[in-house]
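Notes follow the structure.
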C-alpha cells in the first residue's frame, strides 16, 4: 500500500481552495460597494476604473501600490501572529506610532553617522518602540488578567497623544513644544526631516520611491513563516492559541508565550512605522498614523493568518489605498467608500459560513479564528 | 400483561444522526406508579431516547403517545406541558442563581410586571414537605452540595406538575448513602402515582429499585427483565452482548521503592477555596494506588498539584526522592519521568485542531529527534506517529487527520499512546476510561496493568468505584480534600468504601454497624 | 470568598466614596473652601457638570454592553454602534432643520436608536446565525460604521439646535445637586432612568431572569423551553438601540454637530466601565461616572491653566485610568459564564 496512513491533502489543491474564500469575499464586497455607490448617486464603473488606473495603471501606480503594501504586510503579520496565540492585537496602530516616533528621534539625530549604521540604528529604535507598546498588554494580561483588546485600544489613544506631543508646536498659552518639533515649521506640529544618512536606499527610478523596506518586508514574511510553522516556539504559540489548557498540560510556558507573542506583534508593527518614516515620509507629523493599524486586522484575516496569504492581502489593500485618491479625482466618489469595501471584505472573510452558504462549499475547509475564549478574565 | 392504560408509549422510535443510528425502532411503555429501569452502556442510546421524549430531539421515525394520544413535541416546552419532567445527568441549574430562580425559570410566577418569588418559595416548601426534599429556597445553587442540587432538579420537575419523571444517570455523582436517600425519594414518588424512568448502567441499583427493566444496546431494545428473577450476570450479558470481565486480569503486585510521596499537601480551587486540606499518600513502584471518592472532593486538584498544573499552598511533593513541590509541569515530566492521562481529554489531553501526529508529540516536541535546536523535524514526528498509531491501535484515516475528528475511544488511545510511549516511572491516570467504548476500556485497563508489571508506580483517580476496585492494589478514599483512609484492595468492600466516600471516619465504621 | 462576595464589599466601598465625594462637593461649593483653586478644580460645580456630561454616553454604552453580555453575546462593537447612532442622528437632524425644534430632535433621536438597533441586529446575526467570532464581529461593526459615516458625511451640513435643559421644579432648587442633576436636557434624564429600569428589569422580571439564564447556562434555559437564540437576538438588538441612543446624545445634546470618529473610544471605555461594574447596571454607572470624572478633570485642569503638564498628558488620563481599572479588577469580577460561545440546540450530546 502506498501508505494510506501518510495521506495528506494535496498541496496545490489546498492552496487553490484557500484562495476561494478571500476571492469570493473581495468580489462580493466590490459588488456591494458598487451597489452602494449607485444608490448614493455615484457611478461605480467610473470609480472602479479610476481605482484600477490609480493602482495598476502604469509603473508609477504599481510602485505606489507596492509602497502602500509594505506597512500593511507588517501590521497584518503583527495581528496574525497574535491571532496564532489566541490574542487579538488591536494595538498595531499604537505600536506603529511608537515605532514611527522612535525611528524619527534617531533619524533626526546623530549627524555624520555612516548611513548603514544610522539606518540600522533607526530601524532598531522602531523595533524597540513597537516592542515596548506590545509588551505592556502582554505583561498586563499575564500578570493581572487584563484583556488585551481593551488595553491595546487604550494604548492606541495614549500612543496617539504621546506621539502628538513629541512634535507639538507649543501652545498659545505658553506651553512648551515637544522634543521632536521642528522650530522652522513655526506653528505646524511636525518633526524636521530625518537626515540623509538615516533614509532607506531607493531602487529603480528614484521617482518611484521604491525603498529597501520592500525587500525587508519579504524577508520578514519568510522569517515569520519559519518561526510559526517550523520552530518549537511556533508550535508553542499555535498550541496556546488553539487550546490553552492543553498547552499548560504539555508543559509549555503559557505566560512566556503570551508575552513573547505580543512582543513580536509589537516589533512587527513598530518596524512598519520605522520603515514608513525612513522610506516614505522622512519625517513625522501626527496625521501620519493613518489606518494601517486597523487595516492590519482585515489584512490578517483576509490572508487567513498565513504569512504568504498576508502578502497577497496586503497587495490588494495596498492597491485599494493607492487607487483611492485617483478614484476620487476621476469620479468624484469620496475615497471613504474604500473603507466601507474593506469592512465588507472583513465581514465576509470572518464569517466563513456566510460565504459557504452562498457558494455551498464543504464545511471543513476553513479554520474559524477564535479569540473570545478569555474575555473578561482568565489570564494566560 | 397489564390492563392499566400506559401514561407514556414510545412506538418504533428511530433517530439517525449523520453517520450513526442512535435509536432503532425502540418501543417501550410506562405506567403510572412504576419505576422503569432503562439499562444500557455509555453510547447505547439511552440519553438520545430520553432527549426525544423530552422534546430536545425530534425522532427520525416513530411515534410517542402520552396518555393514549399521539403527540409531536417541538421543544421541551411541549414536553413540560404534557407533564414530562427530566432530571439531567449534568444538572441544568444556573450556579449563580438561587433555588427559587432556578425552579421557576421558564415557568415564572408573575405579579404585575415582577417575579413573584414568595409564591414560588411557598410552592417549593409545599413540594419539599410532601416528598421530603429538604432545601432552602433562597440558597444560591453553587453553594449547595451535589445531592441537594439533585433535589432542586427534582423539585423543578414537580413544580411543573410532572407525572412522568425521567432520571438520567442520577446516581453517578452521589455517594452510596446519598443514593439510598434518592431511592427513598423515588419510592415516595412512585407511591404517589408518579411514573419514573430510571436510566443507569449500574446493575445493582436497577435491580434494587426498578419494577421493570428494559435493556438497550446499540440503540435497540434487546430485552425486558423482571428484577425479581433477573441476576446481575444475566443483565450484564444482555447489556454488553457477551460475558463481561468484571475483573481485570492481573497478577499480584510486587511493590518496590516509593516513587510518589505526598505529605500534607494543601491547595485551593479555582474559586480560591481550600480544595486539598493536608493530603498524604505514597505510591510504590509496581503498584496501583486507586483514589476513590465522589466527584468534587479534591481529586481534580490533587492530580493538578502532582502534575505541576496547580501550585501547592502547603505540604510537600516528592517524586523518586526529588523535591517537586514547586516544579513546573515540564520539570515533573522530564526530571520526574512521569506521565499524565488527564481527566478531561478534550480540554487538556489534546489539541483537536492539530493532526494526530502533532498530538503524539504534544509534550515532547522540543526534544531530539522531534526538534533539532529550534527547528521542528516533521519527518521524525511522522515516523514516531506511524509507529504509535500501529502499536496502540489508534483507528485513524491518516496521521495527518485532525485529532478532534476521531472517536472518543481512539482519542483516548491517542493520549495513552503518547503518555505510555515514553520511559516513565510514574503514571498518573485520571478517569482514564470515561465515556469510551468497552473495547477501548479493556485495552486501556490492560495497558495500565502492563505498566504496573513493568515496575511503574500508578496513581489512578476514578469516580467509578468498579474501575477502582478492578484495578487497584491499594485504595485511598478522598473526602473534602482529605484522604480518610487507605485500604488494601482485598479489604476494601463496597460498603466500607461507601461509608468512607460519605465522609464517615474509619473508626466510626463499627458504630455505623459495619464489622471489619 | 467567592467573587460575588468580594464584589459586594467593593460596591459598598464605592458607594461610601461616592457619598463622600458629594459631601465634599457641597462643602466646596457652599463654603469658603471654594476659594482654593485646586479644590474648585476637583470639586467645583463645573467639574461635576462636566463629569455627568462625559459620563452619560459611557453609561449608555455600558448599559448596551450589559444588555448584550448578560445574554451571552460579547459586544466589542459598542463604539461602532455609537458612531452609527451619532451619524444617523446628525443626518436626520440636518434633514429636519425646518421642522419644529423639539419634533426634529425627537425624530432624530428615534432614528439614532433605530440605526443602533440595526447595527445590534447585524452583530447578533453575524455572531449567532453566521457563527463569527464575536470579537471579530464587533470589530467589523466598528470598521463598517467608521467607513460608512465617513463616506456619507456631508461636511457642509449643519445641525441647528440641540436639546435644552429642563429644570425639574423644586428638585433643581437644591444647592449644588439641583443644578448638576435636576436641570439637564432630556436624554440625560432618559439615560439615568434607563439604569434603574435595567436594574429592575434584570433582577426582578421574567425577561431579566431568562436573559441571565441564557447568558450563564444556555442549555439549562433551553431545557425549560426558553428560546436561547431568540433572547440573544432580542437583547443584542436592544443593546444596539441603547448604543445608538448614546450616539444620539453626543450629537443632539452634548455637541450639536457630527465629527468623523467623534466617539473617540467612548465605546471601549464603556466596556471597561461595564467590566468594572461587574456587569451590573448601577456598578457600571458608578464606573462611568468615575471615568467621566477623569475627563472632567482633564477639562478643568486645562481651564485652570495648568501649564507645567502638557495637555497631551492630561488628555491621556481617561485612557490610562481605564487600563489601570481593567488590570486591577478583571479576575475579581465574574462575567456571564456562557459569553462568547455559540449555542446549538441539536446534537449537543
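Quick notes on this structure:
Read from first to last, the chains carry the letters A, B and C; within each, the first residue is number 1.
In the analysis below, a residue touches a chain if its C-beta (ideal position, glycine included) is under 8 Å from a C-beta of that chain, and two chains touch if they have at least 3 such contacts.
All values derive from a computational prediction rather than experimental measurement.
Comparing the chain pairs B-C and A-C, the larger number of C-beta pairs in contact belongs to A-C. Taking the mean Cα position of each chain as its centre, B sits at the greatest distance from chain C. Distance from the chain A centre to the chain B centre is 48 Å, each centre being the mean of its Cα atoms.
Chain B and chain C have CA centres that are 45 Å apart. Centroids built from CA atoms put chain C at 30 Å from chain A. Within chain C, contacts with two or more other chains are made by residues 334.
Residue positions of chain B touching 2 or more other chains: none.
Across the interface of their complex, chain B is touched by residues 4-9, 230-235, 239, 242-243, 245-246, 248-253, 367 of chain A. Residue ranges of chain C in contact with chain A, taken from their complex: 74, 76, 126, 129-137, 139-140, 143-144, 146-148, 150-153, 264-265, 268-269, 271-272, 275, 305, 307, 310-313, 315-316, 319-320, 322-323, 326-328, 330-331, 333-335, 339-340. Considering their complex, residues 1-4, 204-206, 209-210, 212-213, 216-217, 219-227, 334, 337, 345-347, 349 of chain C touch chain B.
Here chain B touches chain A in the complex through residues 307-309, 328-330, 333-334, 340, 342, 347-354, 358, 362-363, 365-366, 371, 374-376, 382, 386, 389, 396-400, going by the rule given at the top. The touching residues of chain B, when paired with chain C in their complex, are 17, 47-48, 51, 54, 56-57, 75-78, 80, 86, 88, 92-97, 101-102, 104-108, 110, 113-115, 142, 156, 271-273.
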